[in-house]
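For clarity, chains are labelled A, B, C, D and E in written order, and residue numbers in each chain start from 1.
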Amino acid sequence: MLIAKVVGNVVSTQKHEDYRGHKLLIIRQVGTDGEFCGPEMITVDGADSDAGVGDIVLVIQEGGGARHAARCDHPGPIDLCVIAVVDMINIPHQEFIQ
Amino acid sequence: MLIAKVVGNVVSTQKHEDYRGHKLLIIRQVGTDGEFCGPEMITVDGADSDAGVGDIVLVIQEGGGARHAARCDHPGPIDLCVIAVVDMINIPHQEFIQ
Amino acid sequence: MLIAKVVGNVVSTQKHEDYRGHKLLIIRQVGTDGEFCGPEMITVDGADSDAGVGDIVLVIQEGGGARHAARCDHPGPIDLCVIAVVDMINIPHQEFIQ
Amino acid sequence: MLIAKVVGNVVSTQKHEDYRGHKLLIIRQVGTDGEFCGPEMITVDGADSDAGVGDIVLVIQEGGGARHAARCDHPGPIDLCVIAVVDMINIPHQEFIQ
Amino acid sequence: MLIAKVVGNVVSTQKHEDYRGHKLLIIRQVGTDGEFCGPEMITVDGADSDAGVGDIVLVIQEGGGARHAARCDHPGPIDLCVIAVVDMINIPHQEFIQ
């Protein structure tokens, strides 16, 4: 799983039916030094999380697990899903720059 | 899922039967700053989208979900599929350069 | 799927039985500007293609779809397969350097 | 599988039920020269390992295998799992800098 | 599939039961110019290969195919497996530097 920051959201008039009821969030992977890593990705918000812009989130990056976290019971077009909003990252001798 | 720009299309006289009825599009992943990321990839257009050169699209990058979005009901050679043409990307304090 | 150029082939006296009847090709991913991207990879030639050194090919990079294209009906050790030899890549205002 | 070093752990008040009973560890992939590679990732500790901060671990990076190692018998949101704490890495003519 | 060189092996007192009877090899992906690419990875040796330090090997990098090549009939923690020791790589006008 990866750590990411929610940086925005996607607006689409024609929304795939498997995305109904889910926010489409724009995220960027982030290291514990606060540095972004790689380009933006699009994820659905999880069924059990309620992430918004600015949140640090835990993200699953695999089809089967992401669909499960989004409560999608068929092979829908979901390969990323937010699992949880992260409260604290604990790295000895280092402060996480959120 | 990733954000990409459609930059061209592929012409092939011998087309795999699972690609019949789908456009084969050349895309490049794109960040919200408008910068391309990595080399070109080939995707099939989705069953519910109608993407063309110049469009910003949402793309699934996983076999099971891509085949579902292309309405391919067997394990055909599809690992990328366009889900939707993106209308607007909303990132606070930043303007998306299309 | 990715675009690649066939640059060589692999000779192995002990060939895995799932590779019987398939050429083992050395490919490199290539951008539409003709630049190679990343190190060489090994792919099986598809059941419906007949690719050789110098060809530009369309390649599936996912286990299920690659095995299907190679007509391997069990989970054999195939994660890449040539789908088609590409005739033409059409990118407006750009010429593909083969 | 990859070699990684455990550098921290994640604290989350709302923990996904599939993570119950597992530590959520922050790891970084590490080369045998001791250099880190890429940003931090989050893994669950395996059912048969007991990894802690500072340990060098062997990690599976694939959904099916990771869930098996975590003894998760449904497609839960797990794509990385610690398999073992590594005792020794043996590379002729090179000393592993832990 | 990728080309790699075996550079070492892993010693672990607590070995996962799915690794019993398999060597755990440290490999690095290698281009045909002999240059290493990326950090070390850990693979199991295949059921039909007998690879050792210094060998150039063909490696499958996908869960289903790797487990098949390792004759693991359940979703064990295997995402890489050696398929064959490579005898010769044939690239016109280029000599492979082993």
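Odds and ends about this structure:
Keep this in mind: a contact is a pair of C-beta atoms (placed from the backbone, for glycine too) under 8 Å apart; a residue touches a chain by one contact, two chains touch by 3 or more.
Given the structure is predicted, the values throughout are model-derived calculations rather than measurements.
Between chain B and chain C, the least number of touch steps comes to 1.
Averaging C-alpha coordinates per chain places the centre of chain A 20 Å away from that of chain D. We define each chain's centre as the mean of its Cα atoms; on that basis chain A and chain C are separated by 33 Å. The set of chain A residues that touch two or more partner chains comprises 62-64, 67. Following neighbour contacts from chain A out to chain B and onward until the ring closes gives A, B, C, E, D. On chain C, the positions that touch chain B within their shared complex are 1-3, 29-32, 35, 37, 48-49, 58, 60-69, 81, 83-92, 94.
The touching residues of chain C, counted against chain E in their complex, run 7-16, 24, 26, 38-43, 53, 62-64, 67, 74-80.
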